[in-house]
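Sharing a structure with you now.
Naming follows writing order (A, B, C and D), and every chain is counted from residue 1.
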Amino acid sequence: MNAPAAPDAATRLPLSEAPIPDEVFQNMRRANLARWPTGAEVDIDAAVERHKALPRHKQLAWVMREADRQRRCLTQPRGGCGTFNMHRDLMVTLDREGLADVVPTTTDSYTRNEQWQLAQHGIEESEKAGRSLLNGYPMVNYGVAKASQLVDAIDKPAIMLTGTAMPMLTGEIGYAGGYSGYLGSGIAYTTSYIKELTIEEGIRNYQYLDRLAALYQARGVELHRRQPGFLTGTNVPPSIAIVTCVLDCLLAAAQGVRNYGLEMGETLHLIQDAAAVAACRELCQDYLAKKGHRDVFTPVTLLHWMGAWPHDDAQSAAMIAYGGTLAAIAGANSVTTKSTHEAYGIPTPQANAEGLRMTRTAIYLARNIRLDGLPEYEREKALIGREVRPIVDKVLEMGDGDVAVGTVRAFEAGVLDVPWSPNRGVASRVLPARDADGYLRIVDPGRMPFPGDVMAVHEERLRKRAERENIPYGPDLAVSSVYEMSEPIAKLMSDRWAV
Amino acid sequence: MNAPAAPDAATRLPLSEAPIPDEVFQNMRRANLARWPTGAEVDIDAAVERHKALPRHKQLAWVMREADRQRRCLTQPRGGCGTFNMHRDLMVTLDREGLADVVPTTTDSYTRNEQWQLAQHGIEESEKAGRSLLNGYPMVNYGVAKASQLVDAIDKPAIMLTGTAMPMLTGEIGYAGGYSGYLGSGIAYTTSYIKELTIEEGIRNYQYLDRLAALYQARGVELHRRQPGFLTGTNVPPSIAIVTCVLDCLLAAAQGVRNYGLEMGETLHLIQDAAAVAACRELCQDYLAKKGHRDVFTPVTLLHWMGAWPHDDAQSAAMIAYGGTLAAIAGANSVTTKSTHEAYGIPTPQANAEGLRMTRTAIYLARNIRLDGLPEYEREKALIGREVRPIVDKVLEMGDGDVAVGTVRAFEAGVLDVPWSPNRGVASRVLPARDADGYLRIVDPGRMPFPGDVMAVHEERLRKRAERENIPYGPDLAVSSVYEMSEPIAKLMSDRWAV
Amino acid sequence: MAANQRTLVTGVIGSDTHIVGNRILSMALEKSGYKVVSLGALTPAGDFVKAAIETAADAILVSSLYGQGELDCRGFRDLCVEAGLDHILLYVGGNLIVGKHPWPAVEKIFLDMGFDRAAPPGTRVETVIEWLHEDFATRDRDLRRALD
Amino acid sequence: MAANQRTLVTGVIGSDTHIVGNRILSMALEKSGYKVVSLGALTPAGDFVKAAIETAADAILVSSLYGQGELDCRGFRDLCVEAGLDHILLYVGGNLIVGKHPWPAVEKIFLDMGFDRAAPPGTRVETVIEWLHEDFATRDRDLRRALD
């Protein structure tokens, strides 16, 4: 792995949520951009001009606000290829054939881990093989000019999807090239995408990126930042997602970010997802207000099922469509899509575009439906609040009011936790499972301080399921829930009658 | 067309809802079965034995009751091929690969119109071509023994789908072969599947079939009868569907039918469909009770969108999945499925099976969701009642309490009407269209006596749409609504921003 | 317009009940200035020809949606010729055969039967109006040339 | 059991963070009696070999989900041989290459690299346990034969 940016005094202050001072930030940028040759291509003045010259329908911040104003639910796929040409073709296909409202660039996993030498090797092998051997686009290796060509090839806003705890160079290059959105955050990605990096380093890395967005903001360019609250994508209950949304959002706002999207993986339970979207929006705004941030726009995005998918295109198609239905009814501002290839491998551009059109159709069909006033929905929404507030309040208390410090301490104490995390700094003792009515609940809270009455609700419903399916109450329930959605439908809903 | 069964005194009483007397019915059956050689194969004693020997999971009446008891939403496709072998293979594929809970036999359109000579020709041409030139299975030409082999080839109940106003011989043969369900009714199919036959003849034909089911019932065999309230499948609003459900149901109950399914095409509006299912169930039971029928089981089935489909598999997949979602959330007892081939032609067995699995997955995902208590749902349900009751009450009044007589008179007067009907005896002046919120409403009631306050609701919402889309209020609104769901999604929900 | 107003016969052939598209088409054709003789659903082939003779029609537009059009439409051109309608314009449209097939193959079957045009599933009325416009214009031109 | 308990090394190779399946697999293998040395996500190829030597492991189970396994796994068998682990059982499983491909083609790539077994996407733990059972039994039999 490449060395992290040099940790000397000029570039490293004690951890806090406070905005990085101008001068320190300039030093940090200089060091950062020097880490790979393409870093030198970043010129903030040129970048600002570039963004100002983009039509507003290619600026994600404007597009998200407009979607919110018009109550539209936008679609956005993922996708990245290992060579420039393949990747440009993919972006064009997603734009034209998929009607994607937001066009992505997923980076490859070497880039995510700042292994740019390996990425270079991957590019060469991909060219040789005539197919992509990388699982995404090596943004850093190709640099600013190429990024700019990609943005020019489409007629939509472009977003970087980089699933990394180390976003500093990728973010600089993409933003400079005219990408107007970046998905990633210090808490979410550090807990879910890396093994050895500490939460503190992850937070610091994203403070840099958020500070960069604020720099553009100060120069009159509104960029979109976004938080991946889907975390490990594996049965993450809304409350745990939202806790990280709130905390990452407060960290970003402290650096000066004004457009901050919040993402959550779908639970695939209509009522729980609708409640989660409403609760997420309210809770984030609530805590922002408490911390004195009154002008942060926080649209909410749902993601198609993030856990394991079935090996049947027909089953997958139904999950894709339902993913659109859920997002529309939940009133999400956008939905991030998958394809019928999900269980197998990275989809072809065509399969990816089909997933987009399925989703778009599903949104159209359900665009007028809302659940406000449905008793079960109102109950669930209140429940989520009762789960989130005690955790967030505890974190703030542990940090003596500082979100960054509180977060680091809370992870150490297990007060903050993420299920199925690969990170050594995360307890990953909390275990979720699906209950008898299809809601995601918590079977073991680990050391997360959920109130007793809340945990009693979870346990009661999960015990019902355990009993019905004859699974011992405990981790087995969590494991069977990991598999559930990937099981053949014949097993999930038999066409036979018990005799 | 073959001559109708001889209309002499021994087989024809004045029109009324009263049960056909034993002796008259025996004469009718004799004349009916003599119309084509295979009629002679029908032996009621053998048939009764056959049904009694079927395991109950192959008896549709039991299966529908059990589904209701277990709150399961069953899946059932359509499908028929022009030769026995192709058709058997289709049924087996739908059973095994599609996991169909109910396996269909759709008859071809010559059989539907009792043109058995033409059907014979179609069989031969299909054998020659090695592909089906008929749009269904010629049940009458193949006769009882072959029907019986089809039922034996599957492990589910088999239902006849015969879209005809002339069910008498097809019904005799299928029931004798072990089919335990028959879809069709005098009002619905006569108004929607034929041009020249009068409503009276259609009612009489189905009184025969209902009386036949009652004959089996008397011999200890419960058969399932079912009403196709989807009518012309073209934007039929729930209230018009339910009016026909109620009237056909009363006619069937009068002949002694005890298992009577009610079908409605989906409006593709979640709340309207859920309200329609609940309202249909309640209103039918209400009128049954008023007429003194206390033991008729009336499960409700929703059908995948019955109007025009889009020419894009991805769009169609979303409509299929949503069709399952709607049925599950509406609490329908079963859903009748389509495939991604719908806009093009009769699906291959594989495409048909995929449609089933998509639907099944969608049902699984939404199986726990109900809308009871949602204010908009409760309002819509009440509205449907306010639409249905005045019409049904008027029909009963016009018939001096006799449903058969009242129905015939009401169609003559336009009090009963069906949109887009091909039948000369139907005014077809009523015109439905989709409103601003996606509900199916009535733009022109023709002469149907909907109350003024109800029509005011419809008009207000439709005018909103007319304005928004700049379409003159009137028939153009109805025509654009016919096309709507078949339009490319790029047109329905543009990926561009108004500038 | 009224003087040389063209007459079109429309209907759905065979035992086919699909009236919706045919009715919308007929309404649109009327609106765009044609005289339309609309036979409705379930119309035997012979009835089309009879109506065309009676009304001295310029074209017959046959709808077939239910898949059995392949059987119903065989010999339709011959029927016309036998009745002396040698040059009448013949269109057919809808879901012409059973199943989903590549359009060119289906089109060929019906052009081979003697139809002048065949319309694939989902054809919009605007297209049909354009076709008629073109084909009648060509015929007029050919006629004028023949007269020159 | 304890005496001749087999030792397995598990982990997710390269820069791959997909830990869920690997963790469930490791838990299941432990439960079924193996000693499992679990290296977790993002594990360099060399770390597998080091761990196998240190624990005298009988097999290495490499997970790769993220598609870049094709690059990460090249030369894995050679690494083992160089380290003196000539006959160690090598499995690999997951979503092994980028994209959806017919399984036999993918399997061949990895068997050619020297893996003894490759598991297609979605393989259940029961299958893996069966494979290990079979393969260790075969090895025992071969060993006994060799000693006879």
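We take it that a residue touches a chain if its C-beta (ideal position, glycine included) is under 8 Å from a C-beta of that chain, and two chains touch if they have at least 3 such contacts.
Fair warning: this is a prediction, and the values are worked out from it, not measured in the lab.
Participant: Tell me which chains count as touching both subunit A and subunit B.
Facilitator: Where subunit A and subunit B might share a partner, there is none at all.
Participant: Averaged over CA atoms, how far is the centre of subunit A from the centre of subunit D? Could you give it in whole Å?
Facilitator: Whole-Å distance between the two chain centres: 31.
Participant: Averaging over Cα atoms per chain, report the distance between subunit B and subunit D in Å.
Facilitator: Result: the chain centres lie 56 Å from each other.
Participant: Graph shape for the chains shown, where an edge means the two chains touch. Line, ring, star, complete, or other?
Facilitator: line
Participant: Throw together a list of every chain pair that touches.
Facilitator: A-B, A-D, B-C
Participant: What residues on subunit A touch subunit D, complex-wise?
Facilitator: Residue list for subunit A touching subunit D: 82, 108-110, 112-113, 115, 118, 121-122, 125, 131-135, 163, 192-196, 232, 234, 308, 311, 341, 343-348, 351, 420-422, 424, 475, 479, 482, 486.
Participant: Spell out the part of subunit C that touches subunit B in their complex, as residue ranges.
Facilitator: Against subunit B, subunit C makes touches at 12, 14-17, 19-21, 23-24, 27, 40-42, 66-68, 70-71, 95, 97-101, 121-122.
Participant: Any idea which subunit A residues touch subunit B in the complex?
Facilitator: 57, 63, 66, 99-101, 156, 268-271, 310, 312-315, 317-322, 324-325, 329, 353-355, 357-369, 371, 373-376, 437-438, 489-490, 492-493, 495-497, 499
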